[in-house]
Amino acid sequence: MIKVGIVGATGYTALELIRILLRHPTAEITALTSRDDSRPHIGSVHTSLRDRLDLHCEILDVDSLAQKVDCAFCCLPHAASAAIVGQLLDAGLKVIDFSADYRLNDATSFESIYDVRHPDADRVGNVPYGIPELFRESIAGADLVANPGCFPSSALLPLAPLLQNGLITPDDIIVDSKTGVSGAGRKANLKFHFPECNESMTAYGIGTHRHMPEIDQILTRFCQSQTQVVFTPHLTPMDRGILSTIYVKHSTGHTPDELLDCLNDFYKSEPFVRITSGIPTTKDVSFTNFCDITVKPSRDRTVIISTLDNMIKGASGAAVQNFNVMHNFDETTALL
Amino acid sequence: MIKVGIVGATGYTALELIRILLRHPTAEITALTSRDDSRPHIGSVHTSLRDRLDLHCEILDVDSLAQKVDCAFCCLPHAASAAIVGQLLDAGLKVIDFSADYRLNDATSFESIYDVRHPDADRVGNVPYGIPELFRESIAGADLVANPGCFPSSALLPLAPLLQNGLITPDDIIVDSKTGVSGAGRKANLKFHFPECNESMTAYGIGTHRHMPEIDQILTRFCQSQTQVVFTPHLTPMDRGILSTIYVKHSTGHTPDELLDCLNDFYKSEPFVRITSGIPTTKDVSFTNFCDITVKPSRDRTVIISTLDNMIKGASGAAVQNFNVMHNFDETTALL
Amino acid sequence: MIKVGIVGATGYTALELIRILLRHPTAEITALTSRDDSRPHIGSVHTSLRDRLDLHCEILDVDSLAQKVDCAFCCLPHAASAAIVGQLLDAGLKVIDFSADYRLNDATSFESIYDVRHPDADRVGNVPYGIPELFRESIAGADLVANPGCFPSSALLPLAPLLQNGLITPDDIIVDSKTGVSGAGRKANLKFHFPECNESMTAYGIGTHRHMPEIDQILTRFCQSQTQVVFTPHLTPMDRGILSTIYVKHSTGHTPDELLDCLNDFYKSEPFVRITSGIPTTKDVSFTNFCDITVKPSRDRTVIISTLDNMIKGASGAAVQNFNVMHNFDETTALL
Amino acid sequence: MIKVGIVGATGYTALELIRILLRHPTAEITALTSRDDSRPHIGSVHTSLRDRLDLHCEILDVDSLAQKVDCAFCCLPHAASAAIVGQLLDAGLKVIDFSADYRLNDATSFESIYDVRHPDADRVGNVPYGIPELFRESIAGADLVANPGCFPSSALLPLAPLLQNGLITPDDIIVDSKTGVSGAGRKANLKFHFPECNESMTAYGIGTHRHMPEIDQILTRFCQSQTQVVFTPHLTPMDRGILSTIYVKHSTGHTPDELLDCLNDFYKSEPFVRITSGIPTTKDVSFTNFCDITVKPSRDRTVIISTLDNMIKGASGAAVQNFNVMHNFDETTALL
């Protein structure tokens, strides 16, 4: 039995993580933290957890946490996370970090994109990126894993194999993503006030979203040239789900069918990636750890549709999948 | 006072049309038709119209209709519409047709795209396309206007001026559109059953949607070369609204700012097109006849966002705008 | 032309009011106020109003306002409103007040219910309650009207005639109301954060909601005995709309059909109350000033269903209806 | 390992059942049936089950089914179910029946309420009603269990203990229920077409809903006198969830607090009923087998709020709970 703690337990990713871990036969949640001095019971923070887990959220104290847990899921904002991950590792814990702090190839990129000094710059670049389908081996041996961004997961799963096999041109990729509102986190904000975003759709972060360079940096590991993905996220009036519509050009001499075959082949033994000939919906993968992908021709382009649940395969499900890989548990444990 | 009739009064576009026309000071609805033998009262067909309009839906009889109305809004399915529009015109009526029957440049295209013989092939190609902002002059003198498709409206309004001014390359345009479910019409279908499409998003008609050639055909009137727009519509869990995210390449030597300037200039006197520096939402234009447009750079691309209400500027509002132009009424009558 | 000002222009009721007044042929919006020092343009406060109304929101100054407007719609919170209404009246304006400050029969009740001193206690009890269908005559001659609460409107419209005619027992009335989230106002709050209230329903204010005594106080004007309405509001995942399910007991010797007849008779000349034999939906009245009502038997009870749009007949539409009555305009002006 | 079959596998309750059973360590789904001659694969019927369960839906053949399964979940419409349940029992299977066929106390009631001859009248009245919290003992020894209605579950769980303990008056109970649209089943119908019921709320079946007598009949087992519950269901624009607002009168000499104490005591060892002092939301119980209940005073009434997921505790979760009880498995297996 692995004792796990959740650092930053009041948000949606933590809630989802707790729901999943409560089904995990060889993990036990033994500590929760938040910045709230009043030590709130988790059942009052997340009322859906009423009577499910009898723990209070403590103020984070690394020593105390290290005595209670073997592994920490760190659900803190960027920069805040890297300020303590090193201490958790030094205390002997394994860590799965939800923030962007360890996802990029180098700290300079991070500092430029996030406009803040990286508190643990030395580790950046040496931490496995937590998509087991792409980086399983390095995750298996790691003490720290960088859990991927939700949008990047939906783009990288289809794009990485296609680039690796030279089936698409790297310099002409457009990722048009639509996400449910839970992706915005659990903090009151007029933009996410129900009457503002219900019955409405909008784009945001056009040309500037931080997941754009994250996608590029990971893709460079799968092709020679540097991609320059054009990425546009959109807010959709639903709780959860990401649908990415990805416009690519198949390389000369190749066909959209070959792209589908490549993905079918690459993911044929993967439990959580489903390549389909139909067009997937976000509801098909809602509340699951699946990523559903299809490929369709459209004139001289090829259109890839990729769907996942931003809270699960895009966050907490992926985190538990990484946890399972890191601890040599069956990778699907608690996730089906 | 112009007496108007609505042919095919049971659908959503007809409902929206009635709502608008009830506010029109110089139009009076004097006849409604449907295929229902029972002559249902419009207040029972659309319960929101209870006590608003005391008319029954009659079975269509051209002679009878011609005695009651001066102008017909034809809300029939494609091919069914063209089968009667000629008779309505012969009977001396003006007609605004909601179907695709008279939108394309030639009947051969229509027959190939819609896979049905065109019942009134000779007229195709000579009917003004009902976007007053682009074709006002020909609409003003017409007896028949082809009301545009909802997706094409959202794409053509920004693209036409940019192509006309040579600011973007015609051969690399991607239109990623998101629509509310009312666009699917008012007919029970498992795909649009609430628990199927609520909290879900999906793409459809990838590479095959009939609005794709419609967009191309109208765009050819604004540029020398034939465009090959890649168009992907998506179903979004909301009643109404279209948001089109349009990926273009600005021509060599031009900048995204120039695109915005061009649109600002082109639409500066238009009452229903609002060019904005912010990112518009579908809710901004919900229940209005506005189309809101912005332009943003994203790496080597330019991203255009265009929003409109598919039921109003995308259908019934545009129809009344055309009606106003055809009758020399103030174009905004009943639409603000 | 009546010049109107809106005091407190940044909320949803003000937005709705502006939308309606922009259609009003004999009202012109000439001033807006908010507490924001930066004097924001209304088109940036409410982006849907972009290019519709070229006014900035000024800090309230009574003298300045009095020079610009003949009539003020006051959309301030309770107590804040009564602190300035007197000054507006003294400056010679007519005022329609959206707050609860002048709705109750006496200031003591107000202070007990709202737990704050009433800043203008003397006027309380002498201000007409703004439901024209019930109090048209006193509204017509008034300089100040208390615009009613949204829930009370939905309950009072059916209950007042039935009590007045002795058709139901006053001491056994249950009002179970469901409202869209716009009723909560336009202020970020975790409770109304999209992922918290979407796909969820909850009750609130059980036994304590301030609209409960408001309903009772107005009902006492229609029957001898004091009612003790049991009122429970519920939050529903939709933007707008109130549906009240009202459980009453018909008086001995009477039948549910007689209740329906009574309402039909009472409202037969009213333009905005529609008595129906079918069961109304909130969508039937969405974006309208209608209140739809039906009566159905259920065992030994009678069930009344009443629907209205909380933002229109429940707030801003009612306000314009009152404005029309106060100025002797056709009562339906700008409201159909 | 118990081999289970699902008769009528194409609806929402079957989908939910499959999702739950796929997590059940001692149940294996070995057969599915539908009326579709084409033997569709379950992954095409429910695309979310893609790659989860490799079974085709067969036309029901009792002999063939009996060879493949030990226990059948019967998800057929009323009357259709009772036409085959007897055969399934005769073939030695255990059966959990989702229909109303075996829920009532006698076949005469059934025939009067459902207006159809009961095909298996003799069994009616001898089948345990499948709420384990109330009838665990009889369920444990049964071969056939009548899975309860979703609305009745939400009403009976709080009302049964209170009536049994004489804390409320039996002749004055009002149940005002709100349900998500999945309760309407998975069949296209204009009433449940997304643009009809989204952003709308309505009541239905006022005074006539079939769950009204079901509630009464079960309640008679907990009190001497016959209840006459007034029950009104409402359709709410969300996928799933039932919230019942129940208006009761506490018996003379008792208080609302005593009601809460009674429920706390009655359910203190139950894993799936959570008595709370806060007001529960449907989201708290969404995708879970919990029923959350609170009690609040409101003037001379007591208001009970009860929430559950209509697809889980209101249908398929309850069915698996019954399955666990019938097979002497831990009652929470696959349900937490």
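Some points to look at:
Should a chain be cited, it is by its letter among A, B, C and D, assigned in written order, with residues numbered from 1 in that chain.
Convention: contacts are C-beta pairs under 8 Å (C-beta built on N, C-alpha and C of every residue); 3 or more make two chains touch, one makes a residue touch a chain.
Just so we're clear, the structure is a prediction, and the values are computed from it rather than from any experiment.
Ranking all chains by how far their C-alpha centres lie from the centre of chain D, first place goes to B.
In this structure, the chain pairs B-C and A-B differ in their number of contacting C-beta pairs, and the larger number is found at A-B.
Inter-chain centre distance (chain B to chain C, centres taken as mean C-alpha positions): 36 Å. For the pair chain A and chain C, the distance between mean C-alpha positions equals 46 Å. Each chain gets one centre point, the mean of its Cα atoms, and the points for chain A and chain B are 39 Å apart. Multi-chain contact residues of chain A, defined as those touching 2 or more other chains: 180, 196, 198-199, 237-240, 280-281, 283, 286. In the complex of the two chains, the chain C residues touching chain D come out as 174, 176, 178, 180, 196-204, 206-207, 228, 230-232, 234, 236-241, 243, 245, 247, 279-283, 286, 296-301, 303, 305, 307. Listed in rising order, the residues of chain C touching chain A in the complex are 12, 180-182, 184, 186-190, 192-199, 237-240. Touching chain B in their complex are the following residues of chain C: 22-23, 47-48, 50-52, 199, 274, 276, 278, 280-281, 283-288, 292, 336.
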